[in-house]
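For reference, chains read A, B, C and D in written order, and residue numbers begin at 1 within each chain.
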Amino acid sequence: MTDNIIVTQQVSKIFGGLTAVNKVDLEVKRESIFSIIGPNGAGKTTLFNCISGFYTPEHGEVLYEGESLRGKSTDVIAGLGISRTYQNIRLFSNLTTIENVLVGQHYRLKENWLDAVFNTRRYREEEKSSIEVGVRWLNFVGLHGLGNTPARSMPYGAQRRLEIARALGSNPKLLLLDEPTAGMNPQETLEMTTLIRRLRDEFGITIVLIEHDMHVVMGISDQIAVLDFGQKIADGTPKEIQSNPRVIEAYLGPGGAALAKKYSRKK
Amino acid sequence: MTADTSSDLRRKSRQLIKLIRPLLGGIVGLFLVYRLYIVLIVEHPYGPDTWTRLLIAGLILGGVYSLVAIGYTLVYGILFMINFAHGEVMMIGAFSGYFVFEALNAIKIQDSNFLNTYAYFSVLIAFIVGMTVSALTGYFLEKIAYRPLRKAPRLVPLISAIGASIFLQNAVELLFSPQLRNYTNPTFLTRGAGWTININHSNVIIPYTGVFSFVLSAVLLIILYTIVRKTRLGRAMRAVALDKKTAALMGVDVDSTISKTFILSGALAGAAGVMWGIHNGLVYYYTGFIPGIKAFTAAVLGGIGNLPGAMLGGMFLGIVESMGPAALGIDFQLKDVLAFVILIVVLIFKPSGLLGESLAEEKV
Amino acid sequence: MNKFLKPVFVLCIAAFLFAGCAPAATPAPTAAATEAATAAAPTVASTTAAAPEAVCASDPFGCASFAPGTTVKIGMGAPMTGGNASYGIDISQGATIAVADAGDVHGWKFELDAEDDQGNAEGGAAVANKFASDPSIVAVAGHIFSGATAAAVPIYEKVGIPMLSPSATNPALTTTGSKVFNRIAFTDTNQGSAAADYLFNTLKVKNLALVHDGSDYGKGLADIVGAQFTKDGGAVVVEQAITPGETDYTAVLSAVASKSPDALFFGGYTAEGAIICNQMKQTGLDKAIFFGDDGTYGADFLTRTGANGEGAYASIAPASPDSAAKDAFNTAYLDQFGKAPGTLSPYTWAGYDAAAALASVVKTVAFVGSDGKLYVPRTALVTAVRNLKGYVGLSGTFTCQSNGECNVDKPQFVVVKSGAWVPAQQ
Amino acid sequence: MKKAALRQSFNTGIIFGIAHIFCVLIAFNAMLGSLLVKIVGIKSSATTPLASALIAYAVLLGLWAGITAARRKREASGKERLQASLITGFSVGLMAALLVAVFQVLLSDKINPRDYLTNLSFPFMRACLFQLGAFLGIAANFLIFFLSSFLGGLFVFIWNLPAVTSAWHKAFSAPKVWIAKLRGETGKQRRITNIIFYALLFAVIAILPIEWGSYWNYVMGTVGLYVILGLGLNIIVGLSGQLVLGYIAFFAIGAYTMALLNAPEPHNWMWGFWPALILAVILAALSGLIIGLPLMRLRGDYLAIVTLGFGEIIRILLKSDVLTSFTGGPRGIQDIHGPTLFGKPFNDIDYMYLIILAVILAIYIYNRLQHSRTGRAWLAVREDETVARATGVDTQRYKLLALMIGAAFAGLAGAIYASRNAFTGPDEHSLMASINVLCLIIVGGMGNIPGTLLGAFALKGLPEILREVENYRMLVFGALLVAMMIIRPEGLIPSQRPTLELPEDSPNPNPPDLAVRSEAKPTGEDPHDR
């Protein structure tokens, strides 16, 4: 049992000519919050897709709890305890919020269609318990009493939170958040960051998130990796990253370092 | 049972599924090859003359299929809906052509009649009228039955199309009676007549009507292709196909583009209908149904939404239907079975048709 | 919701049992039981009760009774919509004229009730049930397609409505020992074997190609021909089936041609027959004889084939091809429906005959009761139809056998000479 | 009156005029008219339509035109409405007059168009002129349409008088309130009323088959079978979102299993009804599995066409010469022996109850599944397959399951169908049948039970009711289908998700502790466990 929950070794993903992810090594500590940052098109989401099994990388391995995920299909990987959210929200929009969370719990439950038909004890118990769990998760992400509203008819921020609740449904050990605070106002952003922290502190869920909002990233991350043109150009603690010239260059272009210094001195 | 054993089972079942697809495809493929070997090498029951005849029949059929299939593909490419009434549009075209010929045949000129004195001209008229009427049908079909359903769930327009198809069929039946009409061709297109070539001591006839319709369909397909690839309308169509909202923002009039698409596909169906009538010489209210289904199959076979795909699919289907049963030595009654089996096998290995969709929906 | 389904479930089982027992309790024979259960026709029930006539009381199916001013209905189940509509419409039109010609029975007029059965079993059974529960239907001229007929027969059996089908040729129909089903359709067995003999002996055909349209009619005929022909000593070199409704059979014909047969027997109807006859020339079958059946006979074949049709054979029932009655009918049909009979289907005359024959039989059994109503005893009618003898119609002379075959004469063969059907040399 | 509005109402008239011409050319006017006068009690002769009938039809169409024209704009003054109806009436009348004028020409020149337009016999054309001769006939046509359209306008005008509308609203809203009261406010009362409602409903269902005679037993039996089919297809299309066009193939498999096992021809294995029924269901499910396995990768319309192909393959094979010896070929299989009840064979009433039972079973299963983990997994697959897989749903497995269960439903329906008709043949199972079932579920409202019931009745019951309109029924049916889709794209009864009973929200949202999750694990062995 290593203390790294997920490790990527030299992972590369190539679309036609372009190499979206190029020999990326990551080591994510158990129960840590790990941020992946980088300019648009740096291959962050592609990396997520490689981890959660949408893509199989051309080269390299993704090790989860020390064992390779190669050849495992997406749902199995989800079953192993990796769940994720999406950059552009993808809920089951015609289902109610509670149903979304129940689908999230799918893998965890045992009941099959015959149970349902014969209304067995297992069916009744699982329905009851799963609904309880679902409601608690909804409350946890702050969607009190919205259980029976259709997902599509909810405000943007609420949909993001619902997506997280759905992801939590399967009691994940690792949670991949793709831009959780995108398009949120400062207030919502703050709530989201506290939420993420609580996830780690109260349930010991390891969190890997893609984020553009530097305040959020610097605020909550233990570890940060920076991708640029599919390559990892740096990783380390927020401090190291902030002072890493390559990163600043990647973000602000050549000669950005000086600006950054000025900026940090002001702060 | 514990979770991991069950997940083991699931992995096994998944492997099974993974394995079964190529297995099934392989079996069918092997069978086809085996039959081919038996028939062509061992028995070889048919001489070259027969093969030529079969090929000719296949090409002609394929030409018509392609034309109709293009109609499906055009509409599908833009609206992602199966225009089920397309076959009926073709049938209406065939009927208009029939009426034109009847009318011209009735006009007396000295000892002959208009149809035969100005044969080429009358054929031209027939095609113009047929294509116009079909185009109009397509236009109004879209305006009445499909446009109100732009925003509706995907299956709703399909049902509307089915309703329209039933309606059109019965309307034509009630108007013109269920009688089977036979085309009166001008003499230079007499059915059955044609160039004769002698292949191992038996005359193989290449019918004029067949050559005519084949050439015509080829020409029309080329014209259409240039329209879609080169012209402004074509660009608009492709834009709408890719993304209606954006296209509209870019100043493309989506509605009119869609209407024009329907007009185009209708016109093609009309031409196909008239050709069908001239070559096979028989039209009635049910004429459109079978070619419609076949053409739809052809469109999917080639990769629906993909113009060259539709052409290829049409040709392929036509040839399979005419030569396939002979080549595999099975009953001609089973040609449709053969066609569909091949379709299934193709789709097993290339899930989006021979040439693939040109406008695939978003994947991951 | 699902909370309530369970009690409902139980309730329904209870209902089912209760209902299941109900008919079982009544000691009456099945037919009567159904009669009672279907509550068919309060009128029937009332007449059987109220009618003074012993006949109706003794008749297990009772009588159909008609108050003055009502009409005696003859039903017809036919495909009026869908791909085979032309047959249904044509035959029912023929029957309409027949009913009009039939005049009246003791002052009651006849009426044709033609219903759409779409030619399939589902529709056939639907129409049959409709007729069965309509007390004013005394007999059914139909059904048209064998599928619909097969599904309809058992239903008429239960209520004692006699059938006389103009065109359901499926041999199996008369082998199930049905009392009500009869047909004036030309029996495949005789036609087929006769055609085979004619091909072999008279036309001196040695190698025969069989092509049929995959319908029960066409295939049945082709099989019989094939069997008889081989028994005669000829060789069936190739047997192929086509897909009906298409218009290009050159491929299959080319395959047939490669076996170079002397003649091609086609089992099927005019539409496909004409196309095949046309396309034989261009597919290397120009030397082979086209030999059709009674389904391909008719004026329409000539117009469709034109010059290609020369020398094509067909077999018909030995009717006087053009009698005065037939001419009268033809003119009547033409000016009422605007088409020459035989254009929509070859069975126009058969349709007329079926309805007319039934009407004539009804006349023999119907009687006016003391209460001024017209009574038609059903069982009597069933037996009377089965005993039909020497009825001269437009499409033949009909005498029903014990199994319900009413048209078993040897067929007569006709050939196209200079654009007209003429009797072929025997 | 504004020019645009004027043109608009004129065009409305033209459209109705075209509709009118079409109706006349297919002699729909005669049929509809004779129906109308039949209601009044005038019997019309079969051959030539009565003038009265045609007038009735004309008035109806005119009224409709006038009403449509007048109702075009929401906020329009009464005057405008009347004007609109007048103008529309004028243009419709014009078209009608032109048509009959043409008829008059044909009549006077003795030109017979029947070879092409089969309905235009001389007597018919004279009837269209109301037997009034040239001038009067044309004038009459114009006037009837003009006046009746104006009448329609007047009707709308009166309708929109504030007094009338308010009165109507009062009258209309009253029963709603009343029903609401009856259903009761609290959940408990509702439940009770529901129970009573269902009890009544099923009491009626239990009585009806004995009451309404063999014909309606048959028709409603067919409807019932199509309900089962609809539910089955709903599992596939409505829940798991796979478009399957060859669904009737599974029906065919069920029917043929029953037929082959219980008919003297061609095999004379006499298994008896119940074993055959069970085998039919199993075989259908298996065939679903077999066709499904290789095709689970296919999306939307590709699956549609492939399954369509599958359906056609089954049908053609059933009637082909190759299998004739086994399946009876094109002749189909007749004289199928049905089940017996206390030693006597089933009659139509017994079958009706059997079907009712089967329907209730189907509804029950469907309902259980719909609200279970399985059902939710299906819905997830329908909504977004990729995400569903990423949330741990084995999508291929569930798509297959849906296909199998749906196929099993079809097998059940098919077996009962074949046994009830005592006959089945290959042409029963044509493409149109599959399409009918698809229409059924979409017309009714996809993915919900009441919708399916309603749809089945609409699709199978309606044509029987439409028998009145004879040869026009398929025409009317097609038109209705289009109209229905345009008016209610979501189907007659749009389906919405159930409201689950959720435990009360605790004031301080405490996270789910592990204890709850361990409870979720089932205790003891379960035979159904995978």
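Convention: contacts are C-beta pairs under 8 Å (C-beta built on N, C-alpha and C of every residue); 3 or more make two chains touch, one makes a residue touch a chain.
Since the structure is predicted, the reported quantities are computational estimates derived from the model, not experimental observations.
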If you tally contacting C-beta pairs, which pair wins, B-C or C-D? C-D
Going by C-alpha centres, which chain would you call the most central? D
Farthest chain relative to chain D (centres taken as mean CA coordinates): A
Distance from the mean Cα position of chain C to that of chain B, given in whole angstrom: 36
Using the average of all C-alpha atoms in each chain as its centre, how far is it in Å between chain A and chain D? 46
If you average the CA atoms of chain C and of chain D, how far apart do the two points sit, in angstrom? 31
Residue ranges of chain A touching at least 2 other chains are 54, 73, 79
Multi-partner residues of chain C (at least 2 other chains): 81, 85, 89, 214, 241, 339
Give me the residue numbers in chain D that touch at least two other chains, ranges are fine. 118, 320-321, 368, 371, 386, 394, 471, 474, 529-530
In the complex, chain D residues that touch chain A: 365, 368-369, 371-377, 379-380, 383-384, 386-395, 401, 405, 496-497, 499-500, 502-503, 505-506, 509-512, 516-517, 519-522, 526, 528-530
Per the touch rule above, chain D residues touching chain B in the complex are 22, 25-28, 116-119, 237, 243, 293-302, 304-306, 308-310, 312-313, 316-317, 320-322, 386, 394, 396-397, 400, 431, 435, 438-439, 442-443, 446, 471-472, 474-475, 477-482, 484-486, 489-490, 529-530
Residues of chain C defined as touching chain B within the complex: 81, 83, 85-86, 89, 214, 240-243, 245-248, 250-252, 254-255, 257-259, 271, 274-275, 278-279, 281-284, 300, 303-304, 308, 339, 343-344
Contact footprint of chain D on chain B as seen in their complex: 1, 6, 9-10, 13-14, 17, 20-21, 24-25, 76, 82, 99, 102, 144-145, 148-149, 151-160, 162-171, 174-177, 179, 293, 296-297, 300, 304, 331, 333-334, 336-337, 339-341, 343-344, 347-348, 351-353, 361, 363-364
For the chain D and chain C complex, residues of the former touching the latter: 46-47, 112, 114-115, 118, 121, 191, 194-195, 198-199, 202-203, 205-206, 209-219, 222, 265, 319-321, 324, 329-332, 334-335, 341-342, 344-345, 347-350, 353-354, 356-357, 360, 363-364, 367-368, 371, 417, 421-425, 427-428, 432, 464, 467, 470-471, 473-474, 498
